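Two complexes are shown next, each including chain A; its partner changes from chain B in the first to chain C in the second.
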Partner chain A sequence: MYWGGNPAECHPRHFTKYTLMQKSKFLPRGRKDRTMVLVDIRETKSAKASDIFLQVRPGKDFELITILRAMIKEQHVGDEQIAETGMTREVLDDLVHRMKSCKFGCFFFGMGLSMTRGKHMNSAALLTLAAEMNAFTKFVAMPMRGHGNVTGADVIMRWQTGYPFGITFNRGYPRYNPGEFSTVDVLVRGDCDAAFIIGADPGATMPQPAIEHLKRIPTICLDPHVTHTSNLARVHITTAPQGIAAPGTAYRMDELPLPLKPALKSPYPSDEEVVRRINAAIAEKPFWLAEGSQPQMITNQV
Partner chain B sequence: MTLQVIDNATCTFCGCVCDDIQLHHDEMRIYKAKKACVLGTAWFLNHTAEKKYPDALIDGKEATVEEAIQMAATLLHEADMPLVYGMSNTTCEAQKECVAMADQLGALLDSHTSL
Partner chain C sequence: MLRITGGKVYDPANEIDGQIKDICIDDHGQIVDSVDGGRTIDATGMIIFPGGVDVHTHVAGGAMNFARAMTPEDHRRTQAFIRTKNRRSGLGGMAPTTFATGYLYAGMGFTTVNEAAVPVLSARHTHEELADIPIVDKTTLTLMANNEIMMDQMEAGEYERAKNVVAWYIWAAKSYGVKAVNPGGVAAWKWGADAKQLSSPIAGYNTLTPGKIVTMLATICDDLGLPHPMHLHCNNLGAPGNISTTLDTLKHLEGHRAHIAHSQYHAYGGDGWDTMCSATAQLAEYFNTHPNITTDAGAVLFGDTVTITADGPWQHLLYKLTGRKWGNLDVENETGCGIVPYTYRPSNLVNAVQWASGLELMLLIKNPWQVFLSTDHPNGGCFWRYPEIIQLLMCADFRKECIAKLPDKIKGRITLPEIDREYTLYEVATSMSAGPARALGLTQKGNLGVGCDADIVIYEEEDDVARMFSHPRYVIKAGEIVIEDGDIKETPEGREFLVKPNYAPETHEFMRPLFEDCYTMQFDNYPVELERIENPVMQPLKLEK
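Then we have the complex of A and B:
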C-alpha cells in the first residue's frame, strides 16, 4: 500500500526493483501474486500501476487511518464519518478484508501523508495501524525517503546518540524532542545563532521565516554546487559529490548499507575530510563548558 | 577513446539507492549510466570532475579551503547555540563526523527527516 506518494515519478524503479515485479520463492508469479493499493488525493501516474486506487479527500488522511484502525477491530463506524473521507463502506470493507487476508503487507508512506494536515500525527497513526495489523498478519510500514542518504543520517544518529533526529547536545548529553529541536521550528523561532548546513539546501526548501533567520546568523554551507543556501551563507566550501566523486557508504530506505563506487576524480575534497578538518580546528579552541562544569561521565565515577 | 566501465555502481539520487548501475566514464565525465532511471541518469550525467565553482567562498569572496575551515570553526565555536543540519546528500562517514561536531559544540543536530 502506497500512501501519499508518487513512486512512478519520484522513485521510478521502486515497483520493478523492489515491490511489485520481482519474482521470489513465495511469490513466483511476481506482479500477479501481489496487490497494490494507492491512497492519494489525486490520480497520479502511480495510479496506473495500482490494482486499487483510493482517492482520499485532501487533509482527511488521519480520519481515514483512524476509521481503518476501528474497522479492523470490527468497531462501529458511521456512514457519515466514512463519507467525510471521500470513501464508501464497500470499498473500505473490501480493503480491510484484503489487508487481513494478505500474507505480508507493507505501507510505504510519502510526503503526501507526512507533510499535510496532521503532519507527524498522520505518520504516527499509520505506524500504529501497521502495528495493530500484526494481530492478524505480518504488516510493516516504511517511509519513502526522498534524498539519497537520509536513511543513513537516521541510522548514524541513532547509533551515535540513541535518537534519530531533532537532537540537542546543549546540556552536554543528547536529548530528543522534535518540535523543540527540529530545524524548521528552531529557525522560525530564531533560536540558534549559527548554522552548519551539509548535503541540504534549506535556502530553497524551507519556509520564508526560516530562510530569513539563516540570513541573519552566520551560516556555513558544504555542497558540491553553489546553492541558494551558499548564496546566503557566510562560508561556502565546495565538496565532491557523494557516490560520483566521493567514496563512502549510503543506506537504502530499508536500512541496508551499500558501498559507493565513485567514477570521477573530483578537484574538491570530500565532505568527510572537510568536516573532520573543521572538527580538528574546533578542538584546538577551549571547550564550550567551563573547566570543572563538564558533565560527569559514567566511566569517571567511582 | 575507450571508456572505463564500473559495474554495479550505486546511485544515491533518491532513497532507493539502486546498486546495479553500469557507469561508462573517462574520470572527467560519465557518458552512460545503464539501468539507471531518468532521475538517476540525470544525476550521473550532470556531475563532472571539472572545476566549475571556487574552492570556497567567505562572505561571497573566493577563499582557500583552509581559510574557510578556520572561519567555519571560529563562527561555530563563538556561537551559543549552533545548529548542525542536513546530512542527506552525504556519506555515512561524513554524517558520523557531523555528529561528533554537534557533540563537541553542544549543538543542535537534525536531518531532513524532521521536515
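Then we have the complex of A and C:
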C-alpha cells in the first residue's frame, strides 16, 4: 500500500526492483501474486500500476487511518465519518479484509502524508496502524524519502550524535530540536554567522528570509554544478559528482548502504577530499579554547 | 616503551593470582620480558588486570542506529561528552553514540568488544560505525541461522554446500564468526510465525527444523576451524518454562563447541507469567558437566534500557506486553530485528526473577572460564553498568541487601538467597577478560604473557568495588596510555579482527543466480571490500595440520 506517494514518477525503480515486479520463491508470478493499493488525493501516474486506487479527500488522511485502526478491531464507525474521508463502507470493508488476509503487508508513505495537514501525526498514525496489524498478519511501514543521499546523512548523524537532523553543537555536545535547530530555522532566525553547504541547494528551496541570511554571511558551497546556492555563496568549490566521478556510499531508503563506483574521472576533488583538507588546515590552528579552560564532562544535562 | 612496577597482577591466562610483578611493553604495543628506558608507572597499591573483553554486545549497526533514532528522550537526560582537544563529542545512555561508546568502554577498562549481530546486507554500514568507535578493538559475528539460501541447502541435505555458503557469507561480511539467533524463528516471523519447538518444521519449509540448523551450523563452525565457535541465541527466548527448549538445544550440540549467548534469558521455569521462576540450577548443572560449552550471563540490572535483538517475534510480544514504542526491521531473506524500550523494575516479579537469574548463573557455574560478564548490552542493561554486577558478584552481603528489596512473592522462585559464593579478583579477571578472550579465540587478548597485546587496566585498590571498577587509574591500549587519572588522554583507532574461512572456489558463481533470484541489490556490490575495514587484522583458523 502506497500512501501519499507517487513512485511511478518519483521513485521509478521502486516497483521494478523492490515491491511489485520481482519474482521470488514464494511469489513466483511476481506482479500477479501481489496486490497494490494506492491512497492519494489525486489520480497520479502510480494509480495505473495499482489494483485498487483510493482517492482520499485532501487533509483527511489522519481520519482515514484512524477509521481503519477502528475497523480492523471491529469497533463501530459511523457512515458519515467514512463519507467525510471520501470513502464508502463497502470499499473500506473490502480493504480491511484484504489487509487482514494478506501474508505480508507493507505501507510505503510519502510526503503526501507526512508533509500535509497533520504532518508527523499522520506518520505516527500510519506507523501505529502497521504495528496493530501485526495482531492479524505480518505488516510493516517504511517512509519514501526525498532525492539524493538524504538517508545516508541521516544515518551518519545518528551514529555520531544520536540524532538524525535538527542538531546543534553550541554547548559542545549534540542537542536536538527540529523546528529550532533545523537548518531552515537557524537561517531564518539569523542565528549562524557562517554556512557550509554540501550536497544541497537551499538557495533554490528555502524561504526568502533564509536565503537573505545566506547572502549576508560567508557561505561556502561544495557542488559539482553552478546552483542557486553557489551563485550567492562567497566561496564555491567545484567538486567531482558523487557516484559518477567520485566513489562513496549511498543509502537506500531502507537504510541499506550501496557502494558507488565511479564511471568517469574528474579533474575536481571529491567532497570528501575537500572536507579532509579543510579539517587538516583547521587542526593546524590553535585549539579554540585556551589551555586549562577545557570543559568538563556533563553527567546530568540541563 | 613502558614499565609497570609494584602492582598486584591478576592474569588468569598465566595463573598469576595477585603476585607483584613487573610488566614491560615495547614500542609495538606488545608485552615483552624487559625494556630499556621509557616511562615507568609505579603501581604500588594497585591492581593490574588484562583489559576487559566483552564477548557479547551490540554497539554498532542498523539495529543499534535505529534504536538511537527511537530514543531521543534518553539522549537528552544522559551523560554528555563535550568536545575537547583530544575527544569528540557524543552521548552516553542506553544507545550511546559511536565515539562515546569507545570512551565509555575504555573508561571502564575494556579494550576489546564483540559486536554480536551483523546482517551481511548491512555489514558495510556496521564496519563504518565500528571505525568510528575509538580505542577498543572489535570483532563482528554474522547472522546466519535464518539465511534462506543456507537454509535451502540444509533442507536439501547438502551439507558441503551449506558449509561453503556459510564460509562465503563470513568473508562477504568481513566478519569473525557466526551468530545464530532463534534458528528458523526469524525466518518464520516473516510469515508472522515463530519457531519454539526444536523438532517442528519451520514455516516455509517441509523438513528443516530449528534443531537441524543448530547441529549443522555448529558442525560447520567447527569444520571451518573458526576461532570462535557458533555463538547461539537459543529459540524461545524470554518465555516462562523455556529451560526445556534450552536443554533440548544443548543436546543438539553434544560433541561440538558452542557459545550460548545471554543464557539468563533462557533459564526460566513455570508455565506462564504468573508462575515464572528461575531454572538456573538445571542450566548451570549442564554447564558444570559440559566444558565444551561457554556462555555469557546476559545479566539484568534494574532501570531503563532499550532492547535490541534479531528475535523479531519476541520483540513483537514485548511490544504487546509493554505498549511502548516498537521498531521492526526485516533484512530481506537474511534476518530481521526488533527494538523496544524497556524498564526493568524490582517490583515486577518477572523482572526480579530475571535479575536474580543472571547472577545465579554467574555464581552457580563453577568454572569462571565458562561463564562471562555480560548484560547483552543494551538488552539487560547498559555495558557501562558492569561494575554494579561485579559488586553483586563479589559481595554476598550487598547481594542480600538487594534481595531484601524484592517483593515477598519472589520467595521460592529464585535460588540466589541460598548462594554464598563471592567472586575473587582472580575470578573477576577470568570472567571479564581472560575467559571471553579465550572463548573468542583471541589468543593475543586477555593475557599478560610475553608476546600478547599490551591491553592493560590498572585500578587503585579500594573497598568500594563498584567505584574501583568504574574508575580505573590507568588504561593502556596497545601500549599507549589512553586513560590516566580518570581522564581520556589519547583516542587511538581500534582494529578489527577478521577470518577468511576456506570455501570451494566455485561457491561465488554458485551463489550468483540464487542471490539474483531473491536479493534487491547487485551481486557484485554485495561483498564488503576489504579496503573498507579500518585496520583489519587477519586471525588464523584453527585447522588441524
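In this section, the second predicted complex is superposed on the first by the 283 of 302 C-alpha atoms of A that agree within 3 Å, B and C clash if a C-alpha of one lies under 4 Å from a C-alpha of the other, contacts with A are read in each partner's own complex, and residues count from 1 in each chain.
In this text, a residue touches a chain if its C-beta (ideal position, glycine included) is under 8 Å from a C-beta of that chain, and two chains touch if they have at least 3 such contacts.
In this text the structure is predicted, and so the values were computed from the model without any measurement.
Visitor: Determine, under the contact definition given at the top, whether A:Val37 touches first (chain B), second (chain C), both, or neither.
Guide: Neither partner.
Visitor: Regarding the shared-chain residue A:Lys17, is it in contact with chain B (first), chain C (second), both, or neither?
Guide: The answer is both, since A:Lys17 touches chain B and chain C.
Visitor: Examine A:Ala245 and indicate which partner it touches, taking first as chain B and second as chain C; both and neither are also allowed.
Guide: first
Visitor: Counting only touches as set out at the top, which of chain B and chain C does A:Val155 meet: first, second, both, neither?
Guide: In the superposed model, A:Val155 contacts both chain B and chain C.
Visitor: First (chain B), second (chain C), both or neither: which does A:Glu255 touch?
Guide: The answer is second: A:Glu255 touches chain C but not chain B.
Visitor: If you stack the two complexes on chain A, which partner ends up touching A:Ala124: first (chain B), second (chain C), both, or neither?
Guide: neither
Visitor: Looking at the overlay, does A:Phe169 come into contact with chain B only (first), chain C only (second), both, or neither?
Guide: The answer is both, since A:Phe169 touches chain B and chain C.
Visitor: In the superposed arrangement, does chain B or chain C reach more residues of chain A?
Guide: B
Visitor: Identify the partner contact of A:Val77: answer first if only chain B is touched, second if only chain C is, both if each is, neither if none is.
Guide: After superposing on A, A:Val77 lies clear of both chain B and chain C.
Visitor: According to the stated criteria, A:Cys102 is in contact with first (chain B), second (chain C), both, or neither; which is it?
Guide: A:Cys102: touches no partner chain.
Visitor: In the superposed arrangement, what residues of chain A touch both chain B and chain C?
Guide: In chain A, residues 17-18, 155, 160-161, 164, 169, 171-172, 174, 249, 251, 256-259, 289 are touched by chain B and also by chain C.
Visitor: Under the stated contact criterion, what part of chain B meets chain A in this complex?
Guide: So the residues of chain B touching chain A come out as 4, 6, 8-20, 23, 25, 27-30, 37-40, 43-44, 47-51, 53-60, 65, 68-115.
Visitor: Quick check: in the complex, which residue numbers of chain A touch chain B?
Guide: 10-14, 17-18, 115, 144-157, 160-161, 164-172, 174, 178, 181-184, 186-187, 191-200, 202, 205, 217-218, 220, 222, 224-226, 230-231, 233-238, 241-253, 256-261, 263-272, 274-279, 281-283, 285, 288-289
Visitor: State the interface residues of chain A toward chain C in the complex, per the touch definition above.
Guide: 17-18, 22-26, 103-104, 131, 134-135, 137-138, 140, 155, 158-164, 169, 171-176, 249, 251, 255-259, 287, 289, 294-301
Visitor: Can you name the residues of chain C that touch chain A in the complex?
Guide: Listed in rising order, the residues of chain C that touch chain A are 60, 62, 64-66, 68-69, 72, 75-85, 88-91, 93, 95-99, 121-122, 124-125, 128-129, 132, 148, 189-192, 204, 316, 319-320, 326, 328, 330, 517-518, 520-521, 525, 529.
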